[in-house]
Each structure stands twice: as structure tokens, then as C-alpha cells.
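Same chain, two partners: chain A is paired with chain B first, then with chain C.
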Partner chain A sequence: MPVETRHHLTLPAVSGSLEELRGFCKKVLNIHHLDDRIYRQVVLALDEAAANIVEHGYPEGGLQKIEVGIDIQPDRVVIELRDTGIPFNPLSLHQGPKEKGFSKRGYGIHLIRQIMDEIGYRRSDHGENILTMTKRIQEAVSK
Partner chain B sequence: MSGLKIQVDEVQRGIVRIELEGFLDAHTFEDFENVLEDLFRQKKYRLMVDLHKLRYISSAGAGVFIGALGTCQDNVGNIALIHPSPEVKEIFDLLGVFHIFPIVTNTEEALTVLQS
Partner chain C sequence: MSQEQAVQAFTFNPKSLDGMVSVTMTGSLSEDNNNKAKDEFLKILKDPPKKLVVDLSRIDYISSSGIALLVSILCRCRQMNCAMSICGLRTDTHELFRLTRLNQVFEIFENLAAAIKAARQDTGPKG
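Coming up: the complex of A and B.
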């Protein structure tokens, strides 16, 4: 029986969901026996993207959701995140740290750009933010 | 375990050891930030952070370290990282900041760094 390549999860759009999201991603990547480095980097990119949605897409909080899809193809991993928060294009974020208290914030999109090979954003006609991130598997070893 | 557990001990006068266990992400980084703010209010700027039980760190957590290092160094202090895992090292590397932290393997080495 072929292994299912598409996996989906819907989570509350709160930072408390990130641990469950990482667990889901690890479980999916384990099914497909991806190498450790791809595994760690894809989990990190997904976590960073979801954290950005929580912070920027739903600044008022509330009972909102994030839908996550992971599609594992022989040559790539494709991750899609959908939310119905305010229009938010993470690719438009300033690349570089900003200060909030003494902490530095804003490194998430920088990490995603370093890790993933393709990143795309669109706002659907139904009012969804759709972020797609692709990691080519062959390049993962050297990237 | 779930979330982040933080243990703080003053190992010598003015030198504080912090042990992090669990996940330092966008959900938990403020807990760590609050601990550091409390130490800075007490004028404690020589810190060692034991990372061997830290299973995950994201950019929100790394940003706390980067900002705190600046505050410590501005006050003639430093932050020594004890035993970061390969996963934690990788994130600091991706951010290009791994080299700015003293990396040590145990409390004694951290004391040497922080006393110098």
C-alpha cells in the first residue's frame, strides 16, 4: 500500500499550538524517513511561519485557526499554511532584527528564506492568507 | 515535559547559572525574557546558560540571547553557553551569531570565562 504523501492539520492560531505543530511535522517527516538536517530545518521553518501568522495575522487573538498541509514528493517537501487573519504577507516583512525590550525580534522570515528554496504568498478570493514553502530534497545536504 | 522550565542559581557572587529545559519558542520566550529582566534589575550581567536539556529553540528564543548578550556586554558582563546541542548550534549558525557567544562544556569552564 503506498504511503500517503499529503498530511493535514488544523490548529488554533495561538502560540500554545506551536509545540503540537512541531510534533505533527516531525511525525510526518519520520514516516518518510527524511534526513536529519531536512527534518530539523523544515520543522523550524514551519514553526517560524506559524509563529508569524499568530503574531501578525491575528494580533487581537480570538478563536481562529491555522490550516497546515505537508506534501512530501520524491524531490521536495511542500508546506502550505492557510489562515483567515488580516492580510499578511510575510515576504514583505523587513529582513532584520528589531528590538522589543532588550530582545531582538524579526529573525523568523530571515531563517525561512535561508532554509526553504521557494516561498510564495497569495491572498485568496475567500479572504485566506496562503503561504507556500518548498524545500528541494536533493539540495538539503549542502544548503 | 512540555513548555519551558527555567532554573536560576547564583553560583558565585555576581555570577548566575541558568538552566533551560524543554522548548524555547514563540510561546515560551517571554518567560526567559522575564527571568533575564529580573537579573538585569539586580545588576547581574555575568551569566552562564546551561542548554544541554534544551530540546528546541526558534528565532524568538535566539533573539532573547542576542539582545541579552548586548545588555551584558554593555555592562562589562557576558553570557557563556554551556553544552548547546547540535540543533541549538545550527539555529545560532543560521542567524550568523554562534561565534559571538563563548561556548563551554561545563560550569567550571563558564566560571573561568566569566571571571576573566
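Coming up: the complex of A and C.
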């Protein structure tokens, strides 16, 4: 029987869901026996992206959801996050390490940019934020 | 974080010794446990030691919010003239500090013994 390559999970958009989300991601990546470094980077990127949705997409809280899709292809891992929160493009944030000194926050998007190969955002006609992140498997060793 | 390792529960274990406090945490340092960790650090800093050494060797996962917590504790320590260092960074944790350039901000030691030795001598290498 072929191994399923597409995996989905829907979670409440609250910070308490992040541990379950990481567990789901680890379980999926374990099925496909990915390199340990890719494994860690993909789990981190997904966690950071979801945490951003909780913080920026649903600042008022409430019974909202995040839909997560993980697609394991032979040469890449593609992660998609969908939410119906307020329009929020994480790529519009230009946060990250300062040249001098340091800031107390804003490292999440910087880390995602550093460890993932492609990141895309669009707002669908149905009012969804759709964030797509791709990690190419062959190049992971050098990043 | 190994693919085979189970997730450890979060624990926060402070030890006082000769005017310094070492803290060893287990589990994940992320959105889930940050408030617990922050509360525990702030308890220590109510009566600030001269040195605070944070041992991350048993932390199996750290996110940007965990890093941000450590930065905020570092700022608080500096305001209180308490020297803070971290030690025991696993490979992936060290990579996060490198990617965020915070390896240039924190005093980092290989392990707790080295951090304590340097704290006692009030000197030591950055790495």
C-alpha cells in the first residue's frame, strides 16, 4: 500500500494547540523518515507560522480554526496553513535581528525566512489567509 | 530534539550556589510554557543573584517565543546588575541563536560546569 503523502489537521486557533500541532507534524514527518535536520526545521517553521496566526489573525480569540496541510513530495515538503482571521500577510513583517543591539521579539518570521526555501501568502476570495511554505529536501543540508 | 524522543514535561529547577543561581529546564521552551518559565525567572530576580546561569541542555524544543523570553530575562538581569549566561545548547538550539544573531548577545558556555567555573572566576570565554 503506498504511503499517504498528504496530511491534514484542523485545530482551534489558540496557543494551547501548538503542542498538538507539533506532535502532528512530527508524526507525519516520521512516517516519511525525513532527515533529522529537515525534521526540526519544518516543525519549527510550522510552529512559528501557526503562532503568528494565533497572535495576529485572531487577536480577539474566540472559536476560530487553523487548517494545516502537509504534503510530502519526493523533493520537497510543502506546508499550507489556512485561517479565516483578519487579513494578515506575515511576509509584510520586516522584523529580525538588529545590526546593533537586539529586540525582545519578532524572531519568528525571520526564522521561517531563514529555514524555508519558498514562502507565499495570498488572501482567497473566500476570506482565507493562505500561507504556503516549502522546504526542498536536497538543499536542506546546506541551509 | 530527536525524532525518536518523547516530549518531556516542562520543569524549572533553580539551584543557588555562592551568590549565583543556576536554572536547568526540561521540555519545550515555547508559547506553551513561556508564562510558567517567566514567572519562575521573575521569582529569582526579586532578589537578584550576582550571576544567573541558564542550562538549556535538557530543553528539547525552543521556538522564537522561547528565545524572546530569554532575551527579556537578559534585559531584566542587565537592569539589575545580574550577569546572565546560557549553556548546554544543543545543535539545533545553537543554530537558532546563530540565525537570530543572539549568539553575539548572550554569553554562551558549552556546559553548566564551564558556565559555573567562569561565573566563579568572573571571567570566561564567549562561544
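Observations on the structure shown:
Note that in this section the second predicted complex is superposed on the first by the 136 of 143 C-alpha atoms of A that agree within 3 Å, B and C clash if a C-alpha of one lies under 4 Å from a C-alpha of the other, contacts with A are read in each partner's own complex, and residues count from 1 in each chain.
Heads up, the rule we're going with is that a contact is a pair of C-beta atoms (placed from the backbone, for glycine too) under 8 Å apart; a residue touches a chain by one contact, two chains touch by 3 or more.
As the structure is a prediction and not an experimental result, all values here were calculated from the model.
In the superposition on chain A, A:118 contacts neither chain B nor chain C.
Shared-chain residue A:39: touches chain C; no touch with chain B. In the overlay built on the shared chain, the residue A:4 is in contact with neither chain B nor chain C. In the superposition on chain A, contact is made by A:23 with chain C only, not with chain B. In the superposed pair of complexes, A:15 makes contact with chain B and with chain C alike. Where the contact sets of chain A with chain B and with chain C meet, they give residues 15-16, 18-19, 22, 40, 44, 47-48, 51, 54, 97, 102-108, 110-111, 114-115. Here chain A touches chain C in the complex through residues 15-16, 18-19, 22-23, 26, 29-30, 36-37, 39-40, 43-44, 47-48, 51, 54, 96-97, 102-108, 110-111, 114-115, going by the rule given at the top.
The residues of chain C lying in touch with chain A in their complex are 1-3, 7, 28, 30-32, 61, 63-65, 67-68, 71-72, 75, 92, 96, 99-102, 105. Within the complex, the chain A residues that touch chain B are 15-16, 18-19, 22, 40-41, 44, 47-48, 51, 54-55, 97, 99, 101-108, 110-111, 114-115.
In the complex of the two chains, the chain B residues touching chain A come out as 2-3, 23, 25-27, 29, 33, 36-37, 40, 56, 58-60, 62-64, 66-68, 70-71, 87, 90-91, 94-95.
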